[in-house]
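In order of appearance the chains are A, B, C, D, E and F, and numbering begins at 1 in each one.
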Amino acid sequence: MEISARNGLKGKVESVKLGEVVASVKIKVDEPGMITAVITRESVEELGISEGDDVKAIIKATEIMVAK
Amino acid sequence: MEISARNGLKGKVESVKLGEVVASVKIKVDEPGMITAVITRESVEELGISEGDDVKAIIKATEIMVAK
Amino acid sequence: MEISARNGLKGKVESVKLGEVVASVKIKVDEPGMITAVITRESVEELGISEGDDVKAIIKATEIMVAK
Amino acid sequence: MEISARNGLKGKVESVKLGEVVASVKIKVDEPGMITAVITRESVEELGISEGDDVKAIIKATEIMVAK
Amino acid sequence: MEISARNGLKGKVESVKLGEVVASVKIKVDEPGMITAVITRESVEELGISEGDDVKAIIKATEIMVAK
Amino acid sequence: MEISARNGLKGKVESVKLGEVVASVKIKVDEPGMITAVITRESVEELGISEGDDVKAIIKATEIMVAK
């Protein structure tokens, strides 16, 4: 099966920290990759985001899944 | 102000598609970077995720923010 | 009050695991139900998702709420 | 590759509605399934959630992925 | 039924914008309220967040639900 | 850099609880503020949400970030 979440960034696990219920996994993303963000139109217009801009993709840790 | 979402991946905007309410922003992530995922302990154990593993960080588009 | 998150699946709690800050709740979903996913148009087109398809709804544990 | 999001509910696509940027996919979940929610410990204690309880799993549409 | 998402901020709808699939709802939050954020321990330590600090709660629009 | 998540509510940290991997931060939101929610068009229509309505913005704790 293929999953609709198309943003996949290759990398290597640097460390794993186990808590009782959740765990944090540090990943060194080492290959360039294309990702798509869906944000409000208003944000695009307020920040004036357009093709060619240097930006940062910001992601909350609880929103990142790991595939192995 | 600094934000608690510490995962930031540098890149360049490839394209912007405006809908009425939301927009999609394609970003070419071109620099290696460290990211942290928080997943359930159970997932780590079931997938046997450990240091040194080659993995993919998977992120749903609606969970990615853009900073400029 | 009614909440805009309209996806509600009935079930029975199988187990609860308490951590210091978060807890995991296992739920046996035992009744059929209708759910709606919002994904990118691109994903629908790339996966060729259409009426009648057999699919799986995939949800990260941190995104599921519990009502009692 | 296996993904850390372990919650997978089988079903059939009832309808697809395409917007410019995002699309909604209605899925009839027709098989029982086990899902895990991660919520705050405080919520578990405030709602008094415990084994055997009849509950509802509530999920915002933007947080559901589709695998095909 | 009560929902495990305990963060509820009272306000008045300022405007609604309907897209084909999603809609944006602007809400004027007019009453003080207590909210709880779950972030990584690392973020708390890196930002040095502690009792009494003046902070901002930052939330992506796609993560906010509306109850009426 | 400015971030596309435009919802920012000012407040004061009431308490911090550290777990091994995640932490909860209680924030007293003490200033009115404007927030935008993105929900499905269907939810807006089913709940009959319109300008002037008294509503509640509901947010899962894992979806709230903290800026300091």
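Here is the rule we go by: a residue touches a chain if its C-beta (ideal position, glycine included) is under 8 Å from a C-beta of that chain, and two chains touch if they have at least 3 such contacts.
Quick caveat: nothing in here was measured; it's all calculated off a predicted structure.
Same interface as A-F, judged by over half of the contact pairs sharing residue numbers, among the pairs A-D, B-F or B-D: B-D. One rotation lays the C-alpha atoms of subunit C on subunit F, and its angle is 120 degrees to the nearest 5.
Rounded to a whole number, the gap between the C-alpha centres of subunit C and subunit E is 21 angstrom.
The mean-CA centres of subunit C and subunit D are about 0 angstrom from one another, to the nearest whole unit. Multi-chain contact residues, meaning those touching two or more other chains, occur in subunit E at positions 1-6, 18-24, 36-40, 42-44, 47, 49, 56, 58, 60-63, 65-68. If each chain is drawn as a node and touching chains are joined, the picture has every node linked to every other. Contact residues of subunit A toward subunit E in the complex are 24, 38-40, 42-43, 60-62. For subunit F in complex with subunit A, the touching residues are 1-6, 19-22, 36, 38, 62-63, 65. Chain contact summary for the complex, subunit A toward subunit B: residues 3-16, 18-41, 43-44, 47-68. Residues 17-20, 22-24, 37, 39-40, 42-44, 46-47, 49, 56, 58, 60, 62 of subunit C are the ones that touch subunit A when the two sit in their complex.
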